[in-house]
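There are structures below to look over.
Note that chain A is present in both complexes that follow, paired respectively with chain B and with chain C.
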Partner chain A sequence: MTNQKRIKLVNWSMLLPSIALLFFVFGLPLIKNIQLSLTDAKFIEKADFIALENYVKLLTREDFYNALRVMLIYTVCYTIGIFVVGFATSLLLEHNPLRRGKSFFRTMYVLSYAVPDIVTALIFTWIFNYNYGVVNYFLAQIGIIQAPINWLNSSEQALYTIVLIEIWRQFPLHTLVIYAGFQEVPGELYESAEIDGAGGLRKFFSITIPHLSQILSTLLILTIIWSFKRFAMIWSLTKGGPSGATETVVIQIYKNAFVDNKMGLACATGVVMLIITLLIVRLYMKVIKRSSE
Partner chain B sequence: MSKMTFGKAKRKVSKVMIVVLSVVVLCIVVFPVFWLLNISFLSQGGLFTEIPTISFFGEFFSAKGYAEVLLEPDIYIWIRNSVLVSVGAVAVSVFCAVLGGYALSRFRTNRNKVFLTMIICTQMIAPALIVGPAYIIFSQVGLTNSLIGLVILDSALVLAFAIWMMKGFLDGIPRELDEAAMIDGCNHFQVLTKIIIPIALPSIMTIVVINFFDIYNEYMFAMTFITSESKFLSPVGLSTNSSRVGLDWAHLLPQAVITCIIPITFYFIFQRYVVKGISAGALKG
Partner chain C sequence: MKKRSLLSVALILAMMFSLCSCGTTPADEGEAEDDVITITFGSPWWGESGRDVLWQGFAESFHEAYPQYKLEGIYIPYADFNDKMKTLVAAKEEPTIFYLQEYNFYQWLEDGYLAPIDECFDVSAVYDDLAVKESQDLVLHDGQYYGLVVETCPYSGLIYNKELFEANGVELPQNAEEYLELAKSLTNADGSQYGTIAANTSDNLNYIMQASMPYIMGFGGRIADEDGNFTVNQPEFVEGVEYYVELATLCSPAFTEYSTQRSVFFEGKVAMVSDGGYFIDWAAGENESLASNLDVAVLPMEDPATPTDLTYFGLSANATEEEKEAVGAFLSWWCTPEVQQAWIESCGYPVTMASAASEEYRAANEWYAVYENIAAYGIGLAVPGHEADSISIRNTVAEYIVECIEKTDADVQSIMDACKAELDAEFSS
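Up next, the complex of A and B:
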């Protein structure tokens, strides 16, 4: 056996477990998904081919546009919120003057990352409870609200409350990534800027941010993709309710498939969602490429 | 006041401000966890009061919920299942990631580049999108209502990220090491097990820890694919109890605390790796 051939064989045998696993869990179901989206499948029973009927139904349904709208609001609020919190907390860490402050606060800030989604949902169901919740009590005590707020059961606030809870659960990732980014900025840059008389804000916007642009743009697209996928928290807090106010596309897919017994429709929704995700990623890559040229 | 001391005073104020704000954030992060612990020790009467109470040493303090929950055998079975699935899936994903990461880091053919892109692209697929079709496929091969089925699913869900991180770490290990070992007569598998893995062990540990959290947290597949109660994972056990009619909060809250114990303990033991893993994961992009 020649060396070239041997390397090829080694390469294949090393990649095979990964590729097989990913094909079985992602590839095969994806193919099945596309196939089922063209049928009137309910669950496991036999299904008839109905061509594009599901897609027509989907694109004429009010529900679907509502889910898209909810997903958009959710993603925009979540992304902006988590970046603001991530920046604020990482700046607090970076400038902490205490001797062991940085590592202590960093350890504590990441705590929420260790609390499972389901438990988080349960905790906040209590904290945001209409009658007995500590948030309503506290806000009433300091006089911000007159009447209790229905945080999770009113279609006006529920989505925003969920975004808040999701930010609480997920922000450590942004804190750590941005904080790690700060460490990569060479210190001399700040020193020479100080000699030129630049203030804190000026240094932040003309040295820190440009240096972090690569990390931030990766983090931004990951945040968007991740926010599309979030399921467990919404499901256990509201199941998409009240009356669809928190029903993102992902929640709708799950509901169609496992609650309403419309597997075909769920699969068609999935295909449309995948196309949207791919388009966003494509668009994003283009923007990044243009701005870096 | 001279200009010099004024500047010093200002700096001191901003230092105090930073510490104060840090503590405020700390409270916001820790409060919900503290609150869960607090209300889990309340009696039913203490839970439903307009004025939130601190349970410890108060009149509503009650450990009855804990006592009763800890006597239920289900809890232990669910936690054992969670641990089994997490350990199994971490093992499978790390095994695949080390092998795959090595191949992608060392053999830079065009085809491997395509593979890497495809592997990363699986991350764009929302798990909810494949849960229905995967259920049908898994049920045809007898992997629904099975912990092994969950191991397969969970390890695949975290695999792309694990390979991506592994490749990043291995790229940082100079190839001269491999070559030197090959001259001494090692083949690629021996290089991997004798040279690379010992060097990359802290990085592998990082991946293990991060994957563990993600898998222990996974809920959608665990809820959908498992139907018999004896095979529930602990988050599913918790949510099933919380959606029962005649919901019993005095039992549910201690159960929630118990569900958290493993990941939180794990976090404090391995927090160094968690911090490193989270920051490295996105940075390597």
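Up next, the complex of A and C:
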């Protein structure tokens, strides 16, 4: 055996435990999932092979397309919203108008991230309650609304209310990542730009954004993938209702599996969801590759 | 220094040994545990206000009566009961016996969750003394019983607040129109008083069905006919939904979780509700003075049919022979008059044994007769012809009823037509 071959063998033998672990943790469940998606599996009874019937059923179901549409709207609104809030709060942190208490504000920002989803959902169920909610109360007090708004139980508002709550819950991560990005921008660039007469906006778009582009693109892809997977908050607040208005694909998978007892169909939905996520991951890898180049 | 360290170590060791000697030794524990067979019972009752204490007491009394057996409670919330049971069964960690509802029975039997209760308890020995024999017969399959009936809970009891009725100078309604008009007239715009409570949010679809079906059935509406044809878009069903939408949007706390609405009732701000007898005991636990002002009448609908929740003790298909012996002892103990009389106090409707409703109980709770009488018109929650899919079908119907409530100006007929189309596409072979 040549020396090079021996090194290769040692390398592979060192990688083997990780590969085996990955196979057991990700590979096996994935294979099992694909296998179940080709059956009429329920929970514990024996499942029969039905080939692609679940996929045909899924792709001809109106509620699947509704779930995709809801997921898309949710992702777009959530991503835009969280970036706007993340930028605004990190800029506030960076250019603290009070000029002091930076660590205090940093801690305050992170508070919502520390609250568990279920607790957040319970709090906001009350805050947005139709009859007794503090939001409707204040809006009525200052004369903005005449009748209470049905925040969480109307098919028109529910999804956007959830997006709002999710942004509140998740924005600290974006704030901290963007804020950390700000620290990487060399101060001299701003000084030179100031000498050249550049204003705040000009500096932001010509210096800050280009320097943050790598961080932002990675954060963007991750935000999209995370938003696809969000479950706990939606389930706790509306369970996908009313009338499927907040039923994302993940909620539909849960309902198919645990409410309607259709494990095969749930697994088929999971496989389709996986393909969509893989496409996003592919995009993510491209971004990473471009960044490293 | 060295001495001091040694002394510290010695002291710590001495403390550890002295602490160990305070408790029983592992050997003692092992011996004690070996003699006792523990069975688990999964149910929402272990966590329900009032019933939690009652069931802890039951567990202790059972252990006193049968020291060789022990009953251990597993609390599974009502709202998530079916989902949790599925995961427990899949993980082979299900309780030995569990809360089994009639509309779950068919699916769980098909899915292999259940063992015949006859394997550990002779139902025929108590059959003649059962309160509602028809309820027991619903879990008879291939000549074997797959459960022992625990309660027969009809929901069409009209529970009303006598104090609010007197304060507003109103009488009990005699028909559906009067009921709706009364509920409207007793609802104040400022939220200080409501005519009724009615589930109107999608957070718990079970509540939507529980609260709406007494009215829908009162108009003659059924989810499916005897042949299994879906009838949710028939005039009787649609009329019932339209009626319920008015109750849910004009006469109750609008778009508020049902649990919150019930709290409003317990505060004494609601005049009427259609619910089972357990609600009165629950109210007593929440607000004693309110409970003394409550009375029950029959919901004044044209069709006397009432949706009825039938609950059983179900036995796990994975129960061991030893556990089955213990379950047999528990069920024998359960049927004794003392236990039954304690249970009916918490229910207010027919339970397992007819003897539970003693003369004293009837005299103290005159309204019990209402539930006993309407139980005769009870209709189980399983969907005829689609028993194994009952849960999914009921959830689908509930989602469409929520849509009718949410889109108050929408055409109920067209929404229920869509519901029928979805049910046909999903569940008709």
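By definition in this document, the second predicted complex is superposed on the first by the 253 of 293 C-alpha atoms of A that agree within 3 Å, B and C clash if a C-alpha of one lies under 4 Å from a C-alpha of the other, contacts with A are read in each partner's own complex, and residues count from 1 in each chain.
Definition applied: a residue touches a chain if its C-beta (ideal position, glycine included) is under 8 Å from a C-beta of that chain, and two chains touch if they have at least 3 such contacts.
In this text the structure is predicted, and so the values were computed from the model without any measurement.
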Contact-wise, after the overlay, does A:K42 reach chain B, chain C, both or neither (first, second, both, neither)?
second
Contacts of A:N131 with chain B and chain C, given as first, second, both or neither:
both
Mind working out whether A:F258 is in touch with chain B, chain C, both or neither, as first, second, both or neither?
both
Considering only the touch criterion stated at the top, classify A:Y65 as touching first (chain B), second (chain C), both, or neither.
neither
So, A:F205: does it touch chain B (first), chain C (second), both, or neither?
neither
Using the superposition on chain A described above, determine whether A:P17 touches chain B (first), chain C (second), both, or neither.
first
Which chain makes contact with more of the residues of chain A, chain B or else chain C?
B
With the two complexes superposed on chain A, say which partner A:S243 touches: chain B (first), chain C (second), both, or neither.
second
Residues on chain A in contact with chain B in one complex and with chain C in the other?
43-44, 131-132, 258
Would you tell me which residues of chain B are touching chain A in their complex?
15, 18-19, 21-22, 25-26, 28-30, 32-33, 35-36, 39, 47-52, 92, 95-97, 99-100, 102-104, 107, 109, 112, 115, 119, 122-134, 136-137, 139, 152-153, 155-157, 159-160, 163, 187-189, 213, 216-217, 219-220, 224, 235-236, 238-239, 242, 252-253, 256, 259-260, 263-264, 266-268, 271, 274-275, 278-283, 285
In their shared complex, at which residues does chain A touch chain C?
42-45, 125, 129-132, 150, 152-155, 237-244, 258-261
Listed in rising order, the residues of chain C that touch chain A in the complex are 82-83, 86-87, 89-90, 107, 110-113, 191, 200-205, 253-257, 260, 391-392, 395, 399-400, 402-403, 406-407
Note: in the complex, chain A contacts chain B through residues 7, 10-11, 14-15, 17-19, 21-22, 24-26, 28-30, 32-33, 36, 43-44, 88-89, 92-93, 95-98, 101, 105-120, 122-124, 126-127, 131-132, 134, 137, 168, 172-173, 176-177, 179-181, 215, 218-219, 222, 225, 228-229, 231-232, 235-236, 250-251, 253-254, 257-258, 263, 266-267, 270, 273-274, 277-278, 281
